[in-house]
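One chain, chain A, appears in both complexes that follow, with chain B as partner in the first and chain C in the second.
Let's look at the complex of A and B:
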């Protein structure tokens, strides 16, 4: 089964707007899903660079889905959805 | 109560970034006026308030605070563009750093005693007879409190056999360690500036974001732009882990953002440590029961306003910021100095120190990077003129100051620290007891930091203390120990 790939944007904008607080996801996901999901911090994913889109930061991607104003709950929900799809 | 990723804080940072963007644009005043409309354009969803008009009205108020104005005596008829212009013209920032946004504050109930649905509408009506102010009437067979008469004495609450009457929390009041913020009889929150120690706990506690800091960001940007004088940043030790990258990358990023030079306040912390250790030894020799630290701006205000009897036990050593600013101004007397701060309390300290011209919080610095699109993690590393020590860099972390003093003491085993991590109503009681007894059992060095966890938990920080602390540890492991030469 293909792994679900989660990328937390750690660019300046996302970090300031809240992704600093998403770093816990690394441990949470590891405990919850083990090897099925991979989480990593990423340099700027460029979602914020269009005009004033920083108001929607922080951004996280779960495979090809972009989550804006990401929170730990939102990301976990999306991971569950992806895992179900892959089943 | 430290920072969290709540929406009101997200909003605050967005507004700051937009003000900075407006300043950098070719039409600062007009673009400032448009901020509420850009954030809530026609047809936009209304996330928080009753309607889009109120959303914009409140955003307008927040922009005013971001421009550095007091919201208590503002002029509602004046356009934001006029405020923007006025912000450029002022010579000095406002004296008191906090201001309350009434329209946002109305969220908490004016009367703090509330009858819940558990009211059985009993015949005895003990609540009514317990109330000395005639504030309880019966509506539809149940008790109801008239907020204009209620004095929040809780007599009805204690009288109700069903526990149907409750006291509602007012988060800012609960968070304030010194009772300086309170709702007046109209239900509007007011800060008593005579009592306020500027610790910023109310800013972090209010779920409506009603307590605002008056930003000095425009004043700083103005000096960066006119290029007449050098603008020098001095960042607090607790900045480690608050932004991406290392502090050496951060230095480069700050130079890109408009600062001519960047200093670590940890450098001044090294001077504080040595002086404080010497002072500690002298005081112990003279037979003092204990000494307490003096580097937290909120704590210093607390002693001055609320516990002056503690003053004789407080170290007279100056703060790390004091020594750093002194060094910088000696070398560059004409420069504008900006302290990069984790909290609002340091704004107050800086106003009393002629060597510090302005204060920019971590949130404001973060907003500056957003507005200027600077990727810190992609910046080159650059070294500081003077490398600070491991101890100095740990100053913003709870136990950091006491450990630093201990590490350079002649007899480290004689330094017995007592740590207060966060000034709360409870720890205030503790301090009062130590002062009254003139004794702190088993200990002789009381370290007090106003915020839980130390400056790392300051009201203007960005990261969770636990995560920031991990990054701090990496830096400390690479840093040299402080040496004392006497």
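Let's look at the complex of A and C:
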């Protein structure tokens, strides 16, 4: 089964808008899903500058899905959905 | 040739301020390095005032190329007189060095400086000038030509008198003991930086005292002539996007150490030069995004937050923590000549009023960092906007 890839944006805007807290995902995801999901960071996902709505930071991607105003719950929900899809 | 200079000081035990004073300045117009070390009479505030007046005045005079004899005469006449001793006194060492290594040194009262070449002590000739008004004050004037690898060491008498009265050093460390200690250290580490060597001398002096408490103000100024350690900090995307590739290649072809500060900037370099970025997510790394990794780049950090913190650390090194900004501070302090390549493109997202903290404009924060690097750490800094 293919791994689900989670990328957390660590750019300035996302970081001050809350991605500093999203770093807890590393442990949460490991405990909950083990090796099925991989979490990594990104210097900037470029969504803050490309999007017409700037104020939707922080951004996280779960595979190719972009999550705006990401929270730990939102990301976990999306991971669950992806894993179900992949089954 | 680059001249690496650093001063380390320790104040006398129980005093709340330093009685020795050190100032230095790089004059970019004439490409000279100017420095003055002064030791004021007594200790504490009184000594501090005497020493800082002496050093600041002499620096102004040599900056204006005044006649040294006249300058010293004016300076000595204007010092306040000690109420107890009825004299005014402060020693000084004046250093005036150009980029070719031609150096003029004027000493009065401080221990004679050390000139070390190939781990041997050189004894330069000197001219002695007696003051017109103060007959007991004799200025020693040296004119020497430095070569790459040479070191100069200046100190206050706190160094040469350290350990006074101890079993091993009944008369203190003296110049002879200092020479031995320095030559021994240089044998161990030939390429030691001026910063580390001056720290070593001060620590060594203090270690000779009982309880490691300095009995006098202790200062050591080290100078090392060597080829400069160059580095480049690339921060912010260029204003014209079509120049991205050009500037990425400038970065690639730069021969010194390299740092990138900025997420978008790192992506730009990664895209143009086809180097992948690795960004580990670390827990509890404090208030800053952690560093990323790229092959061929020595340091990759986030931009504005890290730069703002870097500026704070440079202003007060005791605040420094082991985070991305701390890494950037070490990167900068381990360089002599630093080029900042600053992209002028605005990041729209930073102007969102919802952002919870004050985010500085990149140009401004870089200017502030450059100023503190030049003035406090005597680095050569160039800023290029792109």
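Quick note on the criterion: the second predicted complex is superposed on the first by the 82 of 87 C-alpha atoms of A that agree within 3 Å, B and C clash if a C-alpha of one lies under 4 Å from a C-alpha of the other, contacts with A are read in each partner's own complex, and residues count from 1 in each chain.
Throughout what follows, a residue touches a chain if its C-beta (ideal position, glycine included) is under 8 Å from a C-beta of that chain, and two chains touch if they have at least 3 such contacts.
This is a predicted model, so every value here is computed, not measured.
K.L.:
Record, for the superposition on chain A, whether partners chain B and chain C clash or fit.
P.N.:
Chain B/chain C on chain A - steric clash.
K.L.:
Output check: A:71 vs chain B and chain C. Expected answer is one of first, second, both, neither. What do you get?
P.N.:
A:71 contacts chain B only, not chain C.
K.L.:
See if chain A has more residues touched by chain B or by chain C, and give me that chain.
P.N.:
C
K.L.:
Tell me the contact category for A:61 with respect to chain B and chain C: first, second, both or neither.
P.N.:
Neither chain B nor chain C is touched by A:61.
K.L.:
According to the stated criteria, A:10 is in contact with first (chain B), second (chain C), both, or neither; which is it?
P.N.:
After superposing on A, A:10 lies in contact with both chain B and chain C.
K.L.:
Answer with first, second, both or neither: which of chain B and chain C does A:43 touch in the superposed model?
P.N.:
Touch partners of A:43: chain B and chain C.
K.L.:
Check whether A:27 is in contact with chain B, with chain C, with both or with neither, and answer first, second, both or neither.
P.N.:
Second partner only.
K.L.:
With the two complexes overlaid, spot the stretch of chain B among 380-388, 416-424 or 452-460 whose C-alpha atoms clash with chain C.
P.N.:
Between chain B and chain C, the clashing stretch is 380-388.
K.L.:
Looking at chain A, which of its residues have contacts with both chain B and chain C?
P.N.:
Touching chain B in the first complex and chain C in the second, residues 10-13, 15-17, 20, 23-24, 43-44, 48-49, 54-55 of chain A appear in both lists.
K.L.:
Using the touch definition up top, name the residues of chain A that touch chain C in the complex.
P.N.:
Touching chain C from chain A are residues 8-13, 15-17, 20, 23-27, 39-44, 46, 48-49, 54-55, 57.
K.L.:
For the complex, which residues does chain A have touching chain B?
P.N.:
10-13, 15-18, 20-21, 23-24, 43-44, 48-49, 52, 54-55, 69, 71
K.L.:
Which chain B residues qualify as touching chain A in the complex?
P.N.:
Listed in rising order, the residues of chain B that touch chain A are 4-5, 10, 13-14, 17-18, 21, 38-39, 242-244, 253, 363, 366-367, 369-370, 373-378, 462-464, 467.
K.L.:
Under the stated contact criterion, what part of chain C meets chain A in this complex?
P.N.:
Contacts found on chain C: 262-264, 266-267, 277, 279-285, 287-290, 292, 300, 302-305, 347-350, 352, 354-357, 359.
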